Structure formats: structure tokens, C-alpha cells
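The structures come next, written out as C-alpha cells.
First subunit A sits with subunit B, and in the next complex the same chain sits with subunit C.
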Partner chain A sequence: MSRRIAVLVFPGTNSEDETLRLLHDCGGDAHLVHWSRAKTLPSFDAYVLPGGFAYEDRIRAGAIAAHDTAMDHVIAGAQRGKLVFGICNGAQILLEAGLVPGTGPVRLPTAAFTRNGPVAHFVCTHVHVKLNIDPARCAITAALPRGTLIPAWTANGEGRLAADAARLQELQDGNHIAFVYAHPDGSVDDTASPNQSALGVAGLINHNGNILALMPHPERDAWTFNHPDKRRGDDMLATSGGAVLFRSFVEALART
Partner chain B sequence: MAEAANVALRSDELARIRERLGREPSTVEVHAFDAQWSEHCSYKSSRHQLKRLPTTGTFVVLGPAEDSGILHLGEHNGERYGIVIAHESHNHPSQVVPFEGAATGIGGIVRDVLCMGAHVIAVADPLRFGRIDDPHAHQRYVAQGVVDGISAYGNAIGVPNIAGDVYFDERFDDNCLVNVVAMGVVKESEIIHSYAPAGADGWDLVLVGKATDPSGFGGASFSSLTLDAADEASNKGAVQVPDPFLKSVIMRASYRVFALLHEQRVTVGFKDLGAGGIMGCSAEITAAGGYGARIDLDAVNVAVDGMRPEVIAVGETQERLLWAVPPSVTPLLLRVYNEEFTLPEIAYNARAVKIGTVTADKHYVLTHQGKTVMDVDIEFLTGSIRDELPSSESPAHEATSERPLVTGVQLDELLDRVLAHGDVCSREPLYRRYDAVVRGCTVIPRGAADAGVLAPIPGSRLGVALAVAGNPRYSHIDVRRAAEHAVYEAVRKVVATGARPIGLTDCLNFGNPRKIDHYSEFVTAIDGLARAAEKFHTPFVSGNVSLYNESASGKAIPASPIVACVGAFNDIGTVVTMPFKAAGSVLYLIGKPQAALGGSVLLDVLGRGDEHLPRIDYETVCAQHDLLYEAAQARLLRSARAVGNGGLVVALCEMAFATMRKGQPYVGAQIDDSWQWTHGSVGDLEAYFGESGGFVVEVAADDIEAFEGIADDVPGVCEIGVTIDRPMLAIHDEAFDLHRLRHMWYAPLREVYP
Partner chain C sequence: MSTRAVAINLKIPDNAAYTALVTLRRLGIDVAGVERSQIVRFADAPETQALVTAVEKDESLYNPNKHRVTVLEADAPRAGEVWIVQDDAERPVGWRLYRAPGVPASLDLLTQAAERLLCNPAIERAIFPRSHG
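Moving on to the complex of A and B:
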């Protein structure tokens, strides 16, 4: 039986259509589930939380949505091992819900994506993220080659990972840092992060590796037409770039 | 009476109303006519002038008659698709409260596109600010607040900002310009019109959105008066409060309604609430269908109790739209907006609610607490009123010299100053605050070419380009030609991406129409717009007029006809971007430099005054545009850029700067002596800094023969140099370090937008 993916839409979510489209193009059986239909969530096999400004990002980005009853279903599923993938605002929600890195109790976050540095403004810019763990460490990345470099767009005002030194050490020791920012040639240094994120972190996973929280948007650089400089005779409608991560997610789901 | 009631209606207009009604108008009626007969709503001094613009053509699906215009983009899977486009200003509100003013500008224009049944796919912002060198001046606060407002609103609703421009000029110190363009996509068979369709007698009028509150009362009149610093406090009350969070939900709920209506095959009317609020919208949507309307103001969802009827009727609370639907469809609307998308839980008392009925009797009636508070002939209320205003030809200024040859100035010194000029320096610090890629359809974001490009229809190769233009340095020299250049530049930018220009919109920002010199500029600019649009076969399908742009001291802004151009791609595989692609390519200049530096950045840097603006030889220019299109179709162009502010040398620098990202190869350029390719017809300064138009294109060595084959009979194409594999711009015997130049170019706005 086909494994069904819910793309969860909160009031203020704004990236659901392209997220759904890319899941479809990568072979996923994905469906939008709006907040007023959250009761249907338990019947799905995996959850994708797309980008946007859920509940207007009141208090902190993702904070209100993390306490929405819709998230009860996501938390319950995640704890039973269902795959959960949050992008940008979806990633912020997963951290606020305490699911990632998951080193504390549910809904008591131990790390947060917070105001960008050096200037606390929304920044939209093209980036690359690099797989920083053994691919098999996380089910969602398991189909990717080691050190995979993925193009993406960062577009947020609160994408800088912040946590105290002990918590950051915990993230490193527990292999939670799934993705770091990198230069286009794959090199990594302090200048690769667009927002001074701690340890250059772009994406985190939980201990069991079934939940991924990624700040940049791979789905915005996922079809050849999104990066027209790299073509000549390419099929502009083919998936490419950031689609590798979505494909890996869909493949992981098929294995469960 | 008008004075006391704080309205902008003139005494002769009030007398006309009294005579027609045969009685004193009620308070509600005075405010209703004040809004509906304001310049903002009625276009009373501009409408007859606008009729001179070309508005028809092959690609026109809907010309300027409703909330947006529509251009035919192409066909996909047997369906015809249209690009919906609207263009507006939010100048006065942005000068007073920049953040909210600019944000509501986006909010309003997005509704104009949405209500055509379209999905909103992009916005673009042409901005004109005053001097920003003083960190404590109001002008700097305006320049920052406007960008923050655009960013906060556009990003939240999930519409990418893909194009725009910005100029800084002291003549905008007291009156900034915040224009906004919004674009949508719609199946042409599913367009929803801004009027109650045939057979609508007895239909429901359903209001959707934010609870009506006292904000934005008097907004239409406010926009039709000049700004007076002394009135700043009361003006602030006329600015509406934006709610992008609610708008985001309303947009998505409306998309759902569009799909359901299409399934049921019902034809309905849908319209944005803008100037004149509930009254303006309900009167126009019904009058345009040949009906009247009866509205129960007590049915309106309000935010506070005890609001006076005139405030409910004409207040301009944001985030509202109005449907005209058969009563059988009303439950569907209420269910989708109120239950599925839970509007009442999103914002206080937001909802969809029936507020009135379409009537056949052509009366416009408002009731409040059981009493009729307005009852007028709807055609008298909404029919075109017209002000005949005196104007004369606005003359071109005499050039101060025949040939503005500048000698004795070094290229290197000028290059630094031109690159750091406010109209040339990098816009990235500003536009990186806008989301350029939400929706996942972006092909070219801002900064990667002269126009933004989208692939708006999933699964289709159709593409659409959008660019804006309007150079305030040109208009004081020659308004007519400045207007022609606005069209030419917008078209040129679209052509530079490989698109075919298919249509235009305009926002005409001018001074006080009751001053003959200001109004003459407006009239003369329309001559120029009409001429250029005809020559390029790009009709105007929508637009906006913003008059009274002057300060209390009576200083008008530079005449600012701002133009947006839409371009179409049959196949987005033919898109051309700006960054150089590889060393060893040949660079061509298409469009020979002219001996006309008028209005150029160079002359501004040198402190030189009025000179001739460059001529536009339409026959030659159209041939050059055809060449660009043909070469892009044949995929012979590695990169291309339109020559504009700062001239050829700035175009070359920006093509090189765009390659300069860590971890990728840098590409520079080596340019031949200019006398070789201009044949000595102009001097070096005109060749490198002149702004007469044209393009730089990069052609791979293997493609030279093919390119020159199609360029053979096109005038003004010359080979000017090659690309090189280091970050260097070599001109003559001099070599400029592009790292240093890039810093000069990037730094100025970084300071304002850190």
C-alpha cells in the first residue's frame, strides 16, 4: 500500500504548494492537510511541515504552531517512528515542539532557530548545505551519498541556531548536526553561513534519526528552471538540485 | 460644509449633488460622494487623457476597465493562460507612516489581481526616495520603513518579489513614491470579472475579510490632497492597518472558492475593497453590471460597536473583498471562508457575511439601524465625472551645449564615483530582504538579470518576465522623451532576458493637476507613453494615476511616469541571465552609443546640468530587440544585460560582479579601444557612460558565426571585447580590480540597509 504523506498547513503557512508539487514529482503520495482537518493526521504515514509564518510567528517563530493541537498528532506519530520533515518555519516548529534535537521533554525546546546575525533582518539568498552525518544516521538522508551538497534558498528572519555551549556540545556528540552551510564548491568555513548560525548549522535531526529540521528551502531550487545558468539543452521541467533530498525522503518512506 | 466635514469635495461639486438630489445630501451621502468623486476613484482630471494610450493588441485579453488587466501568455494542455497585472501607488501613506503605508500598498494590489480569479504569483516595487545621507532625517526613516513594510507583508503572504527599482533624489524628500506591481496567472476560461454578471438581479453581496474598523476613514480623499506636514497627525488616521497573516489565509480560501465555483460552472462577480470602502466597491461592482444595490450596514462585521454609518460605509479597512453571487452559492462561500479556513479564528470578527443585494432599479441604497441613510442614482454616484483643466505643451528644455564633451577627467576616478552613485550601486542590500523564491516558480530572481522571470504554470514550459522603469533624472529635461524612455527601458529589460514583450502597465505619479505646469507635464508624458507603446506594439492593460504629489511648499516631484513591462516565453529554456558564463567568449554591444549624455549618472557625478536626452530610433531599436529574441531562441547568448544607469561600463561590471561568489570561477572582461567599435563617432565618456540604451551580450567563440549571421543586417551591432578568466575589467591600457570596484558598488546601500 502506498505510504501517504501529509503536508501540514497552519494559518500563515505559505510554501505548501511547491512542497506538495516536489513531493509528487519525487514519487510521493502527498496531500495538503489544513489546520481545520487536523483530525485526519493520524491516518498518514509521514508528515512534512512546509515554510511560512504559522500563526504569524507570534512570540517566536514556530512557537504557537508547536502548541497547536495539530502538533499532538505529529508528536505522537514521530514518537512511534513516523518520518517527519520540517523546512524553514516547519523546522522552527519542530524545534519549538522539542522534537528536534529532542534532547529535552516535548514542547520544552533545548535549541532554537532565532534572529539572524549579524543584523536581525529577513534575508533571502541562495546557499548550499552539506550533509554532515553518516547518511544512514537519518532515515530521510539514507539514500544520499556521504557529504552530499544540496543547493537551496534561505529565506527567513530567524534562521540562526542558538543554544548554550553545553547544548551545542550535545548536538555534536550526539551527531544531531545533519546539514551545515557550505560554499558552492563544497568547502566549509565560518563565512559559509548567511546568518551566523552556531556551528554553521543548517539542519538538525533527533536522536532516532526519523525527524529532520532544515532551515533553507531545497524545494525552491528543485527543478532545472530554478537554476537556468546550469543548462544548455537540459529539460527545464526535470527535478534536480534540492530534489535529491525529497527523493531520499520518499524512498525512506517506501522502506518503512 | 465640506470644510467642516473634513472632505475634499469642492463647493461646485456639492452644489451639483444638491441639485441632482433635490435636497441636502445626508452625512453619509456627502462622504460617499467625497470618496467616489475624489481624484483617486474618479480619475476626473486624468481619465480622458488616459484614453490616448494604446490599449488593444494581439495579446490583450482584458484592457484597462476592471481591477486588473490581462495579457495572453500562451497555451498549455489545451488551456489558454493569462497573466493578470495591476499597478498602483501608495505614495502619501508611505510618506506619513512608511511601514504600514508600503505594506498596505502590497495588500491592495494583491487583492486587485486575486479578484480576477487569479493566483497571485509575483510583486515588484518601483521606489523613489529622497536623500538618505543623513541617518537621522525623516527621508532615511521613510526609505528604511518602506522596504521593511514591503518585506514584512510580501514575505508573509508568500508572493515572491521579483523586480523593482529604486532612485534617490532630493526632489522626493517631502513626497516619496511607493509604486507596486502585482502579477497573477489565470486560465482565461476561468476569469472572474469585477462586475455583477447578466441575470444578477436579486443576487447576494457577500463581504469577506477583516472586521470593518475606523482605520482608513477618508483614505481616498487623503490621496487626492497634497501632503501638509501640519496635518500629519490626522493623516495618520487615514492610513489603513495591514494584516498579511489574515490576507494569506483569505488568498488561500479564495483559491479554494475559485476551484469550487469552476466545478459548479457558476459565473459570479468579485472585487477588491479599496478606495471608498464598502460603498465604493459595492456601488462599482453593481453599477458596472447595470444594476443598483441595497446594503444593510448593520450586517457588516465590525471591530468596534457604535461606528457611525459613514465610517462603516466608506472607511478603508484593509483585507476585504466583495462577492456578487447567486443566493444558492452563498452557503459555499460562508463554509469555505468561515469553517474550512476559519476566518473568525484568524482575526477578530473576520468572516464572510452577506451584507446586501443586487437590485435592478439602479438605486444605491444604504440602510443603518432600520433607516435609509443613503439613496441615490447609482450612475450619478459612479458615472464618470470630468474636470476640464487647462494645460499646455510641456516644453523640452534647451540643451546648454551641442556636444557635452567632457575632457580632462580620468576614467578610473569616474568609474568609482559612478559605481557608488545612488542610482547605480548594488540594490542587493535592499532586495535580499524580500522573498524572491517562495512558490518555487522563480527562474530569475532579482539581481540575476534585468527582469525577474517565473515559470508560473506547474508542468508547463511557459515563462513570464517582469521589469519596471522610469528615470527621474530624465523628466525635467524633456517629459515627453522621459516617458518614451520609461517604456523603452522597461521593454529593453524584458528583452534582455530573451522574452517577447507583450504588454505594459503604468503608474503616473505627478504633481497638482490644478497647477498648469504640473498638469501639462502629465498631459505631455502621456504623449510620450502613447508613442513608445505604439512603436513597440506593447499596449497598456492597466494602470494608476497618482496626482497631488507635492509638499506643502508646493514643490512637485519630478514627473514620474513609471512603467512595467510583461514579457512572455514559449519555453523557459531560452532564458538569458546576466552573469558572464565563461572566459573566452566574445562581447558585443548592440546599440551604438550616442553623443547625448543628458540625464546620465555621469553628468550628475560631474555636476553638469541639462543636456539632450538620447534619441530613440524605433526602427533600429526594434530590429535590435528582434535580434536579441532570435539569438536567445537559437540559444546563442551566454549572458546579456541591458545598458542603463551608468552606461556600458556599469553593465560590464555587473555582469562580472555576478560571477564573484566564493567557490565558483570569476569571469572578467577585456574591452577594445572604443574608437575601434564606435569608429570615433563619440568620445570615450559617451561610449562607456552614455545611457542611450542597447545591450551587452556574451557569445561563445563557437557561436560567433551563427550570431553574426543573424546580426548581419541589424544596425548598431559591434564587437567590443572578450571575457577573461580573472576578476579584472581591462579597458584600453588600464586594468581595474573588480574586487575593489565591487566593494565600491556594494557598500553605499549596505549602510542604509545593513
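Moving on to the complex of A and C:
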């Protein structure tokens, strides 16, 4: 029986269509679920939280959505081991909900994706993120080769990971840093991050490895026509680049 | 001259404050009203009217069609108010909570609201009133 994926839509979510389409193109049985239909969420096997500005980022990015009824179901599912993947604003929601890195109680965040540095401006640029863990550490990345480099677009005003020194150490010690920013050749250094994210973090996972929060958008660099280096003659509608992560997500779901 | 604080509020409906109110109630924090202010602290501030005039001349802070300015009696949160500071200690966001119309929230209620919603301790800190009326 096919595993069903809910793509959650809050008021202000704006990346649900490309997220849904990519999940379909990767073989996923994905459906949009609006916040007002939260009661249907328990019947799904996995959840994807797309990017946008849920509830206009009132109070803080992701703060209101993290307390929405829909997130009650996501939290309950995640605690039972369901896969949860948050992208950009979805990642911010997962951190506000305390699901990622999950080093504190639920809904009491221990880290945040917050205002970019060095200047608190919106940053929209092409980036590469590199898998920084053993792929098997996270179910969602399990089908990726070690050190996979994924192209993506970052588009946010609040994508810089911040936490106090002890919490950052906890992220390193617990192997929570799933993705770091990298240069196109795969090298990693302090200049690879577009926003001064702490430890160069682009994506975090929880302790059990069933929840991934990723700030850049791989779904916006997932068909050939999205790629900055596309060439005449390429199959523009072929899935590629960022699609590998979604394929790995769908494969992980099939294994559950 | 000393440090003084002004609160800049929306005089049109504040959707963010309303959303905070609804969310706090959903969390079981029983508040009757929420007001949100941009707090701006001025070192070596002039007397009250000159301070108001200076704020009203700053288009990055004040729009006469949307905002009202209140000079605070002290450089500290008012009764029922918590200031949330992120990067800039001179520009906190003030959340003023009421447990009934016109009755400021208790410190206990404020603390709950800050811990459970208004303040992310990973990146922010909450400043509470020194005393409550």
C-alpha cells in the first residue's frame, strides 16, 4: 500500500506547489493538507512542511504555526517515528516546535533560524549544501551517498542558525548537523555560508533521525530548467539536482 | 538627561497582537487583551515633548497614519508588559498583556506567556517589570 505524504499548508505558505510536484515526480503519493483540515493529518504516513511565511511570521518566523493544531498531529506523528521534512519556513517551524534538534521539551526551542548576518537582509542566492552525517543517521538521507552535494536556492531573511555555545556543542556532539553550506566543488569553509549561520549549518535533524529541517530550497533547483548551469539540448523537465533529497525521502518512506 | 523609552503602537488594528492573543488562549494562558509596541530607548533623551517630536519626525519609526507614540514613565516595562530583546537592546518589542480589560496581567501570566510563546530563549531574552500595579 502506498505511503501517503501530507504537504502542510498554513496561511502564508507559498512553496507548496513545487514541493508537491517534486514529491509526485519522485514517486511520492503526496497531498496538500490545509491547516483547516488538520484532523485528516493522523491518516498520513509522513509530513512535509514547505517554505513561505506561515502566519506572516508574526511574533517570530514559525512561532505561531508551531503552536497550530495541525502541529499537534505532526508532533504526535513525529514522536511515533513518522518522517517529517521541513524546508525554509517549514524548518523554522520545526525548530520553534522543538522537534529539531529536539534537545529540549516540545515547543520550547533550543535553537532558531533567525536574522541573517552580517546584515539582517533577505538573502536570495544559489547555494550548495553538503551532507555532513553518515547517510544512515537520518532516514530521509539514507539513500544518499556519503558527502552528497545538493544544489538549492536560499531565500530567507531569517536563515542563520543561532543558539548559545552549549547548545551548539550539543548539536555537534549529537550529530544533529545534517547539512552544511559548501562551495560548488564540495569544499567547506567559513565563507560557504551565505548568512553567517552558526557552524555553517544549513540543515538539522533530531536525535532519532526521522525529522529534517533544511533552510535552503532543494525543490527550487530540482528540474533541469531550474539549474543556473543548464545547457541548450538538456531535458529541461528532467528531475535532477535537489530532487535527490526528495527521492531519498520517498524511498525512506517506502521502507517504513 | 537620562535614558528614556518610548512605545510606538499601531493605532490601526494590530493583526500580530491579535494572533498572539488567540495563540496564548489556545495555550491555556488566559489573557483578555494583547498590545504590541516597538520600544525605542534613547540615551540622553530630551524632555517629553521634544522626545515625542523627535520620534514623530523619524519616518523609519513613525507613520502618523498608523502609529501613536507614548513616552514611558520609566526606562522599563510597564505593568503587564514584557520586553523581548534580540540583537538590539535599544529596540525591544513590548508585549503588554491584560487579564481583564484595563487590568495588566500578573507577573506569573507574563512569565508563562514569555516562556511558552513570546520569547525564544535561544535567541532572545525577556525583561519583566520591576513591580506590578
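The working rule: the second predicted complex is superposed on the first by the 252 of 256 C-alpha atoms of A that agree within 3 Å, B and C clash if a C-alpha of one lies under 4 Å from a C-alpha of the other, contacts with A are read in each partner's own complex, and residues count from 1 in each chain.
One rule holds in what follows: a contact is a pair of C-beta atoms (placed from the backbone, for glycine too) under 8 Å apart; a residue touches a chain by one contact, two chains touch by 3 or more.
If you're wondering where the values come from, they're calculated on a predicted model, not measured in any experiment.
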On the A-aligned overlay, A:H67 touches which partner chain: subunit B = first, subunit C = second, or both, or neither? second
Considering only the touch criterion stated at the top, classify A:C124 as touching first (subunit B), second (subunit C), both, or neither. first
Figure out whether A:R107 sits in contact with subunit B (first) or subunit C (second), or with both, or with neither. second
Touched partner set for A:A163, first subunit B, second subunit C, both or neither: second
With both complexes overlaid on chain A, does A:S36 touch subunit B (first), subunit C (second), both or neither? first
In the superposed arrangement, which partner chain does A:I59 touch: subunit B (first), subunit C (second), both, or neither? second
Subunit B versus subunit C as contact partner of A:E96, first or second or both or neither: second
In the superposed arrangement, does A:R115 touch subunit B (first), subunit C (second), both or neither? second
After overlaying the two complexes on chain A, where does the subunit B footprint on subunit A coincide with the subunit C footprint? 55-56
Per the contact definition, I'd like the list of subunit C residues that touch subunit A in the complex. 15-16, 19-20, 23, 26-27, 86-87, 115-118, 120-124
Complex interface listing, subunit A residues touching subunit C: 55-56, 58-60, 63-64, 67, 96, 107-112, 114-115, 120, 162-164, 167
Can you list the residues on subunit A that touch subunit B in the complex? 9, 11-12, 14-15, 17-18, 21-22, 34-36, 51-53, 55-56, 119, 121-125, 153, 155, 183-187, 191, 217, 219-223, 225-226, 228-229, 231-234, 236-237
Per the contact definition, I'd like the list of subunit B residues that touch subunit A in the complex. 151-152, 155-158, 245, 248-249, 252, 339-342, 345-346, 432-444, 455, 458-459, 461, 463, 571-573, 575, 577, 579, 581, 635, 661-664, 754
